[in-house]
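The following block contains the structure, expressed as structure tokens.
The letters A, B, C, D, E, F, G, H, I, J, K and L name the chains in turn, as written, and every chain counts its residues from 1.
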């Protein structure tokens, strides 16, 4: 159902544009631009393309998730703070037909209680958290492997 | 602090010995032996060795986690049902000095409410769930990458 | 207080632009455009006009609710996912002086627990859910009847 | 599956016989008899007949819901206080094969917390609340429309 | 508003017909008939009449509460087990215009947790519990005193 | 204390009169009449008689529980939906002196959360659920065995 | 065990010294002095004496409850706000041997949720609330009656 | 699917080896050996064999449940304290293909709140509790009857 | 209603007498005496006088709140630990007629969960927290401004 | 660290543009423009400049909070309804280096329960609520004072 | 830091003055005076002195805890009922620099649920409960041992 | 009932074998072997013997608790992580006849919320926590003292 010509969408939620300067002991020292470059290089090596975006707007992220469903081959989603509050993004994830992988830089389960619940997870294929920027690359590999072996249950 | 000669421990909790026959729509069709073979091959290719075990005994798993801390280079832990009930295993994970990666075959966040809480996560470096057998390989890569780049926050 | 020249605002929340393709067993096969056409025809037959909009943006919906209060004759609001999370939209509904009717396509009380609570309901005149596209028309009739009989308590 | 010769059952729960005198600022000034007359006239104009009843007895209401399932064409149910406490009525609604519409005169979501939960809703086709006596007529129209278009999901 | 010719209704809920034999260490050794006789004698001495009834039926009790509102001078209500589950009886108490006094033989606050909540109390003038049969007489005196001094806040 | 001449009461709660037609995948295909016949035959073979009844009325069931206490030798009680809401029936069970066995056709613990709590259980000798019509016969045997061996703690 | 020469203690908690001026729509227009006079007159007529006190100090009230146990014949306790927070006063009530009656001027069950729980009730013989100053007199009568009939269960 | 040659497994959880001496007012005076003998005799009379075991080890019980699935004809499981804490045993019960009946000697619903929840029940065919040693025999009969009539829903 | 001759009461709750030495990283290095001097100087400059007190006694603080209502022009209240437990002080605040401003030195919302609830707030005009000793001065200014502009809603 | 040339950001959340017309008994009669003018005048008198904005968009407010961190000297934030739901804004507040003061016009602790929790507070220096427009000015003074005395703990 | 000349404070909370007569099956038959004598003798034998006090006043206990911090060598605190309700005493314990040991005569964890939480424990060095008067002596030994070995973590 | 020839059992739960190396700031620097030696020396001085064991296995600990009941004179139990999850160990403690003292090295009440609940406490004579290795010796003294004075309530 997915075509190799379609990009992988990589969508980043609120405050991730601050990466590198924001609480580096939690989120690491890499900037979002560095993650984007690393990930695009990795994807290119795998014959895939990446559409990498960030927004602080919940609604714009909903728009993009829908767009990923219509035009993308898969979605890597770091919803950041909206992970814990956005039924709208969870509904969008559930509504689209392409596989979605939820990524978090930090180990959200080692943080505040309110960060342990995700409205995204139930509709995602899988969750990766705590590996910093590497988590994005792990998600890319997982999407690639999933395509190779066909649909699988979540 | 870890030496390449030390193995990666891969510990599997209760009922994972039934893999392949047990509810394959949730856990997939691969047996635990197949996962072990796949993972050992992958590790060999990376110059690492694997100590792969399964037990239905909470206490034996606590023993092994301690052993991984004393003799291992890292720990990949699929605690299965004990994930949600074992303070003892969570304490063991917190007590040892090697990095621990929590893995689940299924997306536990898309299942029953009582499977959404983990006593392991807070002490783990990261969590990977929903990717079936691939998740173990992702964890192996993540341990490898972590060693390459040195300690990082969880 | 309301003048016949003023339109009825019909505001639709996140992901409703996907209607027809998104989980049709829950939301029905009609597209949002079809609902708009049906509703405009019905309104025309009743001598009323409709201002029909959709947005995935919580803040834009707040803007429009305020606008409905300033320029509209009544408001039919399907807040979709924001129903359950938006205090801001609930505050806007409470702040305006025109009657608001809350509509949902599906029976939200037969779905997940978190969809049973609405921040909109307390400030609305009434709630209609479970009737698909027909629910919008029922809301239109109810607004019309309310105007005929004057203010009534909610 | 339903025949035009079968009546629509309209069942009213405890204390609704007091309508008109009981807290008119919440429930309106119309008596239950007036609602019955209005509704029968409306039904007659649509070629339908109404079997309109009220009881303060939970068990009698369960009997009547079962009867509506056996002999009726549809059921409009204002369970009043039993809405919030009667698993038995909820089970009866779930057990019968005709469409059920839950109606409340007042907007129960703008009232006490314990009135926000309904044991009826999960088994009903839809819910209408806050429109006073008009709500019954809206329910009648909705049943009529549902029959015209055939079964639809709830 | 109340006339001396009207009786005081004394309504008793489920299982109170067993008094005297049922768990006498909780409910005392007096039968309900003995309480009725004692209370009628007391009322006669105060120039009042009593309409004393018991039912195991929630709906019949709702009927009688409504009747007390229409034909009575006041209501002494020992709703027994329905105290803790009947929104319908609570609604009836709130709907009528005569003063209602809630009575319990035992001290319900020294018993199981689920007996600490009452749906009756919010609409009652006052609550008397723990005094056995004497509680009924205390309620009678309180109704008498309330009439002497006119309406008072609850 | 019980005499062989006294019947075993078998009381069935709301909607059990629909058995056979109501959700047969949950409640089985046997009608309540068939269960009654099967049970009476079994009792006859054991020299016991059965008084078998069904009601949708909570209060009538309370009456019958009391009657079972006064005139019966034991009580088999399937309170159906009232299991989860009726303090009145739980009080009646606690008030009577004959052994009570709680029976459910389906495994209520594998169903909705609100069906996991019973107001009956604390006063019953034991609970049997999930065995369909056979559960009634198991209860009969258990009552018979209990009489043979004398009182035992619950 | 109590002697007629011993007084009835009547202890009043925080802010009751403001009676008459404090929120008279809740607490009535009578001052605490007027209640004291009324109650002393009533007691004198019954051959009893009253020791009537008020304090805003939780610990002083604990002292006085203990004193009532040592030197009094009974205790009428309006703990006011401490009702809901004082384990210490509840422990004192449970520790003494004379009967304690809990009194509240207003119907605390018709007020804020946090006023529905009492640490006093479990150790009291009974509770009287909602009757204003009359409640004290009712409590006096109840103590008098209890002495006449000897100990009774609470 | 099951063969008559296969045994019924009867597995007993922690502390059941103390039966007879441990709190006999709760658990009865019979020892576990006596129950085993009684049950084997009963099974022999029905042409069935019993594999009867006890362990204090959660993991050993998981092993045995798996073994019952592989080599047994059915499983009677008294998980004792692990009933309330073992997701691992609940997962094992859900993973195996033979019918499982949950048995408890005492009526767990008349005991502490934490004994009211079972991780076993959802995967079991049915639950029997409160009948002491007789409960095992009832379970045996139920397994026998289930085999006679073929698969049935739980 | 307030006269310039009346003082502003400034009441300080338990352990505030330790200021300066007690956990200075939370409460700052200023002593309570220094705060008193600073505040009196500020008040003098505004033509107001201050009655500044501290007590560890809940009841004494209730006495003083009442006194502030009778003799003061306004009340600045730092209830410290009693903020979270004292219904009695909350009732006193609600009972008096002068404006009350709740002050906390630290940002209580950034501390333990149990410090996030205040029994004082609902009856106060406003809340100021997190500004150390400056908060008292801010409260003084706010009282001054409120008097200048007349009564305002809280 | 902050320079006098940088402005104080004053950011206002959803529906605050309706001030003056929206529920004036809660929010006062001043418009947001009037507050802006008042505040700018006050700032000018203190040698500070103000960047005053309002938005109904959660994401735009996140953008502006980040901007305040980059270009501002301090932030006065009235997040209105987003206070209670926006983890994203709370994260932004925690991410920036300039002092943030949370302001509310009304006393949110005297309103609905869901308005008592703030995602902003934990990261703010302090909270001011209930003082209407004056609260903004109090915040301005507090920022000014904080700069004068250097960093202080929150 | 502590000097041998300083006394050990032993502070006892509400109702402990009743020891010996109050519920001796819970609190033992020894009076508080006997405990004081026993403890002073023991202390003398260890070269320590004791300052032993009891109060029913929360605030007086706060005063004394502060005094123990200023003049004592350690504190043995049996806060009795205030254990469960006094944030003020917990704050005082946290504020002082000498080691505090929490003692309870009874095993509070085998009693009512509300006695399982302590506001004191988090700031105490350790907790001893269930040993009656001996617990005080154990605490004395523990303080003595702690001084011998120097500071240790709690 | 206990004989001096019987040993005191000292049972240690999961991860306590790591003492000395595991999080020494929480658990201290002493190894478990050092504690064993210290305790055996102390016991010898008191004419008692010690049977000191550690296990990571919940079931083995249950076995040993039973053994302590059969062959021991008393039990000192540090259940470590199983304290908070093991109903099985709690049941074993309740089932045996010898006194049990619960010991924890750290002050569990100053740690994570889930460590505040113990399944052991209700059946233990008493609890000692926060005193490190000394706690074991305190428990030994308490057992010795208890034997000297005969049975006492907990």
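Everything that follows uses one rule, which is that a residue touches a chain if its C-beta (ideal position, glycine included) is under 8 Å from a C-beta of that chain, and two chains touch if they have at least 3 such contacts.
Computed from a predicted model, the values in this text were never measured in an experiment.
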Where each step is a move between two chains that touch, what is the least number of such steps from subunit C to subunit L?
3
Going by the contact rule set out at the top, which chains touch both subunit D and subunit J?
C
Between K-L, E-G or A-C, which shows the same interface as A-J, counting it as a repeat when over half of the contact pairs match?
A-C
Can you give the whole-Å distance between the Cα centres of subunit C and subunit F?
49
Rounded to a whole Å, what is the gap between the Cα centroids of subunit H and subunit L?
32
Expected list for subunit K, residues touching two or more other chains, is 57-60, 85
All chain pairs that touch each other:
A-B, A-C, A-J, B-H, B-L, C-D, C-J, D-E, D-F, E-F, E-G, F-H, G-I, G-K, H-L, I-J, I-K, K-L
Where on subunit G does subunit I make contact in their complex?
13-15, 17-18, 22-23, 55-60, 80-82, 84-85, 114-115
Inside the complex, what are the residues of subunit G that reach subunit E?
25-26, 28, 106-107, 109-110, 116-118, 121-132, 134-135, 138, 141-142, 145-146, 152-154
List of subunit K residues in touch with subunit I within their complex:
57-60, 62-63, 66, 85-88, 90-92, 94-95
